[in-house]
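Each of the next two complexes has subunit A plus one more chain, namely subunit B in the first and subunit C in the second.
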Partner chain A sequence: MLLARKKKEKIDPDILALSKIVGAKSILHHKEDLLSYDCDGFTIHKAMPKAVIFPKNTEEVAAAVKYCADHTIPFLARGAGTGLSGGAIPLNNEVIISLVKIKNLLSVDYENRKAVVQPGFVNLKLTNSISHKGYYYAPDPSSQYVCTIGGNVAENAGGAHCLKYGVTTNHILGLEVVLPDGEVIEISPNGVLDTPGYDVLGILTGSEGTLGIVTKIIVRILKNPESKKTVLAYFNRVEDGSQAVSDIISAGIIPAALEMMDQTAIEGVEAGAFPVGHPPDIEALLLIEVDGVAEGIAEQIEQILSVCENHHVRDVKVARDEEERGRWWANRKTGFGAMGAISPDYLVQDGVIPRSKLPEVLEEIRAINKKYNLRIANIFHAGDGNLHPLILFDSRIEGETEKALLAGTACLKACADAGGSITGEHGVGIEKKEEMRFIFSDDELEAQTAIRDVFNPDNLLNQGKLFPTPSKCMDIKKVVKPI
Partner chain B sequence: MSLKEKELLKNSPPCSSNSLSNYLWEDHPDEEKWADCVHCGMCLESCPTYLETGQEQHSPRGRVHLIKSVAEGKLEVNEQFMDPVFQCLDCRACTTACPADVDVGGLIEEARGQVRQAMPLKGVKRVVSSFFLKGIFPHQSRLQAAGGLLKFYQKSGLQKAVRSTGVLRMMPNHLVEMESIMPEIHRSTHQRYKNVDVIPAKGTPKAQVAMLKGCIMDVMFSDINQSTINVLIHNGNDVVLPKNQTCCGALHIHAGDRETGKKLAKQNIEAFQDAQKVVVNAAGCGCALKEYPELFRHDPEWKARAEAFSKKVEDISKYLYDTGYEKPQSAINKRITYHDACHLAHGQGVRHEPRQLLKDIPGVDYVEQPNADTCCGSAGIYNITNPEMASAVLERKMENIPNDVEMISMGNPGCMLQMAIGVQKYGRGGKIVHTVQLLDWAYQADAKKGVKAGVISEKEERENRS
Partner chain C sequence: MDEILVEGSLTKVANRFGNMTSHIVYPESEEEVAMIVKEANKDGQKLSIVSGGTKLGYGGIKSDYDFTLSLKKLTGIVEHTAGDMTVTVKPGTTMQTLQHFLKQYNQMVPLDPAHSSASTIGGVVSANDSGPRRLKYGAARDHVIGMRVVYPDGKVIRTGGKVVKNVAGYDMNKLFIGAMGTLGVITEITLKLRPLPKYSSVVTLRVQDEALHDLKAFLTHIQDSMIEPVSLELLNPKLSKNLFQIEEYHLIIALEDVKKAVLFQEAWIDENKPTEAIMEVINHTEDFWITFNELTPNSQNDFQDTTSGVLKIGTTNMGVFPLLQECDRLNFEGNVEIFVHAGAGHGLSTLMISGLPENVVQSIRSIQTFSEEHGGYGIVKHLPLALRKQVNVWGQLKGPLTLMRGIKQKIDPKNTLNEQRFIGGI
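After this line comes the complex of A and B, so read on.
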């Protein structure tokens, strides 16, 4: 990319300085090039960055961060930009530090079951790179085909199989981080579990890019389970499906994954690119996977089938082979994007509730659906009570975006009131920062921002995310006009 | 269209739905297509240009975002918009990856149409582009003449002279590479079957098919056209080569010249009017033929005709697979891998059929390559217009070709040329072949041994289908 497009074009001195750090080919600063960076997977708010830079190593990240810090320029980190809560949207005309060029798998230590990756390394590529040895990386967000592990750390990403194996934070053994003043630190550099002292890894994982920029990650890798079986069950009534979820867990089974989709969601995935042929007239389907030692799997499957039978399952089947299992999962994992086939826009929410409250909360979501006259599809990790109501709307229709936002807030309120939380795995970002008040008091929020101030005292790094802005909490929900 | 007409068009309401739009010409990118995109990003890792640059304006969702931004009046149709839109390989890998089936390829082609009208090519580029796209490809006689020249170049000793004198050093690298892998020119099927109406099936005919000869295919790779005919007649098909057929127009549409694309489409639709089946051996052409209805979005009469036509189009490997083919008995003892041409795998969803065909040849030691369906960088004439990116994409492709293969099989002439460059440039083994050639060679070996052609047992046919 040429720095100046026209001969007489005057280049901003900050752009010139940053281009000296990363190289003229690794910086974007013309409006047309920046437009693709005005949002991430959350498209309701849009804002233009000052520039996008593509550093190639930790040193360049540190130098760029230092320059921004010294010149009070707001900045933030971005990976694949698949985040669903707007964590990578440059609300304050930030310099975006894109980590997609720092994308290598540095080393794998099979004996000690760990791997060292760079932040731009794509989640699924890790599993693909180690599967020939019989290993895999457990956290599997639905966007794992494209999302980066750096982004996973920032958002503490979850996924379908986190019910049994835990979310990202349970798989992080060490980090290299560029602090907001440009200093590079290493935390648990040998990847040894449970170093004494405060759990700094825990604080950084899920900090949504507000505490530092991760440049190297030591992750835990797992041995492939000996055996794996997947069940698909169709229910005429959503209540039966929810009850089956509860009963499976009560039976003492911990499935590797326990996913649910409702009728509207099924309509979406069947209209999308990976249809399975689910019947259109069922209210709920469950996708259940158990894995582990081969012995015992059959017994668990028997138990699951009988629970489903007890709850009037219309049809239930076990995947014949890996190919069929793959098709079921592709259908589920591309579920969000598939909504594009039935709606021009969607807003995905990410509430958590106690499993036992599933039927009630779903009922409430239906009422919200009616109140705002918007369709809501539900795709969720039923096993751990992580709901994803997808509010379908058309931003081209005047007022619909605002309505969708209100409906989203109402869904989260319902989750919080049921004793749950406003986010399970997508993060707070811009989207849910006001809703943080549903679960935290002012004092609790203040205590958390005090932690942020230790790392990020000038608040130049990813400003305006994660916590409600104290003074103007009421304006925040107003949709930022696209630039 | 005259300049005056263009100006008139400019003054008419630019977009039916949105007066802010900066698309000033007819046939602008279709809002319904981008409305399906929810910006989820699942396309990113499938896109060769994103993998290469890491920049989102060179990714499918980034391009869709820009195309939409022009319609929203946030961006103009200018150089900066042109760059991402023309850097796209049009490989359609994103269409496969997209959960919502967004037709990114269609949007890109429509956007290119707008760019080319807003900023017509100038200077050398204009001359070269219109010489080939308008002056050569659509005209059979000129194509044949060009083929004759190439043949003369190769046979007369001129090629030898050029290669030894260092004239090539004066040419850009990518053109030198192309010169070096130019296949040997044979007599075209156009000339060979000039006076033949129907090439009869061996044995009892079970069907009659029409074959698209293609423009470049018939000049550069007429031996593949011949193999296609051989294989078709071997399996009980009468073959016709409709006289008035022409270039499919894919290259024109990719380059943003939709008007010529439409003209060629109409000519082909008429030329194949009486055909029941149109068999194509070039993935890019097959895909273009199947997408003709897209060109006539705003022309109901031709749209209907195009739809009827595109239903008849089938790739040779799929046609053979669906209608049954005789498994050869002679062996080809080679280690072979298969490369998915983008416009076959992503464009037409044909993946399994050609692989099965290879596996049905005795002696073939088939080995799957990783990422078999990523683009090789050929992409029509992309390797000529965007040599740098094409060569980077090719390098990635070559990294995936297993070291010990003796042949690389595929179903598209553009890929064959590009892969040949790759094999040569990186000093790799592997003869580049068209899938149908292998089948033809095995049949020919059968014939030498006296195995009778054109007889497929019911059992074999059932097996073929399953």
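After this line comes the complex of A and C, so read on.
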């Protein structure tokens, strides 16, 4: 086989050059090896890369990037490939620079509350590495047991606990970045706040891998709160659940997490790997967690319970112990995957709305559900208005995938029309490129691509992501203008 | 729209601090801002932007702009939805007005920069300014969720949105926060809010010079403990004398939570504090912070004969200790007087240096160098124009200046807005 291959194939000079940079064992370029890199967590769209390389350090990343830049080869960076919007899909036959081998925890500085990690380091591993000292890393996307911190930076990842503690951008203190021409820059390498100059750190975080490749990350670590209490509340009517969310916040409580699931979502999680026995006939459940100084927790829990009582809660309980709390969270955090138990396929959406518009938007999602005749489960970070409608469909039925995509877009339109956004934590990627027009004007999109041009002038890095392609109606508008 | 040639005290301010001309225009709407900026940009005119006017001594080595655009008349709350905990406000609104408005709803913008009665939200955001409570709440960059910005070509660009969680497109808010008005004119700002704390207190611990190391050990102990301080501000003896009339080191621990939790933390501090430390509890926290926020001078009120400079120093959290010792050394030498409050939990310190002009300049240089050698930086936040020209206001930059210049060039190629106000001559 090997011999036959050698005879047949003329080795591509780019592959040869790249394997010289990273080593022959750290490159994949045969079709069969590349198949698993044709998409990420967004599986509807697929494309084959030219090669996948696995550099071991910053220097190899920089050398590979420089080679690609010099030879006009499109390239992109990839972490664990858990992204849900298609940001790591090689639309242009890219060379994929996988960062999974650059995966160490370089240092932890408890006194100054920071840690230095490499991009391939897995999110949850950081918390696990420092929990013995009573510390943790706050951003906790549901995929945290596998997703990498490099990917978190690219996507500005959120999670269930960002209501109180903020998203990735609030926890990044410094970065080392390989720019698209191969130059390596450092921003706040000591993790000192407010380093003078434009906030390049802030712009890079959440740029979905289109401005540079992160090779070192200085993150803030936090001390575990003394006490945590988790409440589970069941509501017969979704309106009551929504109103309870608003009233908890209005009472001046900022829970660490405030999550909601609707009836279809409950059906899914109960059929999944971590059922906890939620009743099947309720319209909404709330999972509410408060944390802080123990002495102050009881009072907040009492307030939360009384808010729930005021809104006709069917049943409400406080987790007895860490084991029960853990089970409730496992049930919630595996919610997306659990949909696989009740539907052959599902599409996750990620809209954001002002919290007060929750009942109206849920009503609209119900209408979308009817219009497309597809079931939609809703899992959301209700505290910050971040909705995850999960559109259940069967790709084996002709036309259903397209219908699911249309229903997803309709959900995002409903969020945008309510004054919200088309993505709260999953990113735009290729999935929501066109939907960017729901919230940004042409001028505003141009203002953003102008920034990309500063970092990535040749647009070889992760091309075709984030921004809509100039549409026909825009061309027509331009033609019509002079008349 | 008013257009005036100023005289009297404003001219005095302009002459002393720069960044302002005697020809000031006062647009009353975003459309007027856009029109003025667009025309200026077309004609190759340079303009400086001013809002509350407290930061004229901050950055910049110019006073000869063609005119000044003031945001003083662009004020007021545009939108506030209590249930969503967001507010949209115009840039000329003072911090105090904004906080007073939100107080009726038991809410606040969790920012406490200095001079809240005069400084405006537009200025605070443009300078990414923050105060002692940053330890718990973060800075402007953590609270701003959306803006409207007039670009030099007159286009109005919205950044972010009005929801608290949003990753659609680049986080363009970050570009304008802390950009010192060099990229666009902010005409509207939307912020995330927090509930007012149910109860608060300020615990002070004072020790004599030689016990500073005990305070350091105690700070580490606090950070590893269960208590959740809102600020850990360390005052040097000189500043303490101004504030408390006692010339000793003071550690200020602010606590905000439900009453029971605050009292519990006070008791914990009392039990665990260094033996020689004397503890006091301040319950009128609002009055305390108002006084605290006026400890340093600003360009609206600094007309003393002695020269005062204000520095912002960034270090690691524990890097504030060597900094305090360096300030002690300089105070001991006696050429200048240095008043310090150092943020032990976040590493940002404010230094006020008073003395003869040449000595102030010399000390600024020396402290900047010291901070840089310790992996941090020093920025001059307030100093008369003539002296700013003698120092490197932004310190020695190690960051990606090429990218920063590229950003400026892309958005404001003709240097229409606040030319040379920022780092590296941007």
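Some points to look at:
Definition applied: the second predicted complex is superposed on the first by the 462 of 483 C-alpha atoms of A that agree within 3 Å, B and C clash if a C-alpha of one lies under 4 Å from a C-alpha of the other, contacts with A are read in each partner's own complex, and residues count from 1 in each chain.
Criterion: a residue touches a chain if its C-beta (ideal position, glycine included) is under 8 Å from a C-beta of that chain, and two chains touch if they have at least 3 such contacts.
Quantities reported herein were computed from a predicted structural model and do not represent experimental measurements.
Under the clash rule set out above, the superposition-derived model of subunit A with subunit B and subunit C shows the two partners fitting side by side. In the superposition on chain A, contact is made by A:Thr423 with subunit C only, not with subunit B.
Of the two partners, subunit B and subunit C, it is C that touches more residues of subunit A.
Of the two partner chains placed by the overlay, only subunit C lies in contact with A:Ile253; subunit B stays clear of it. In the superposition on chain A, A:Thr43 makes contact with subunit B only, not with subunit C.
In the superposition on chain A, A:Thr82 makes contact with subunit B only, not with subunit C. After overlaying the two complexes on the shared chain, residue contacts for A:Ser306 are found with neither subunit B nor subunit C. Once the two complexes are laid over each other on the shared chain, residue contacts for A:Pro344 go to subunit B alone; subunit C is not touched.
Using the contact criterion defined above for the overlaid structures, shared-chain residue A:Phe440 touches subunit C, although it does not reach subunit B.
Here the smallest spacing between CA atoms of subunit B and those of subunit C, following superposition, is 20 Å. With the contact threshold set out at the top, not one residue of subunit A is in contact with subunit B in one structure and with subunit C in the other. The touching residues of subunit B, counted against subunit A in their complex, run 35-45, 54-57, 59, 61-62, 65-66, 69, 74-75, 78-81, 96-102.
Residues 5, 28, 30-33, 35-37, 39-41, 43, 52, 54, 80-82, 98, 100-101, 120, 122, 143, 145-147, 272-274, 334-341, 344-346, 482-483 of subunit A are the ones touching subunit B in the complex. Remark: subunit C residues 81-86, 106, 128, 138-139, 141-142, 151, 155-159, 161-175, 177-179, 183, 194-196, 198, 220, 223-224, 226-228, 257-258, 260-265, 312, 314-319, 346-348, 375-377, 379, 394-395, 397-401, 403-404, 406-407, 410-411, 422-424 touch subunit A in the complex.
Against subunit C, the residues of subunit A that register as touching in their complex are 109-114, 133-134, 155-156, 158, 162, 166-167, 169-170, 179, 185-188, 190-203, 205-207, 211, 223, 225-226, 246, 249-250, 252-254, 292-296, 299-300, 352-356, 381, 384-386, 419-428, 432, 436, 439-441, 443-445, 447-448, 450-455, 466-467.
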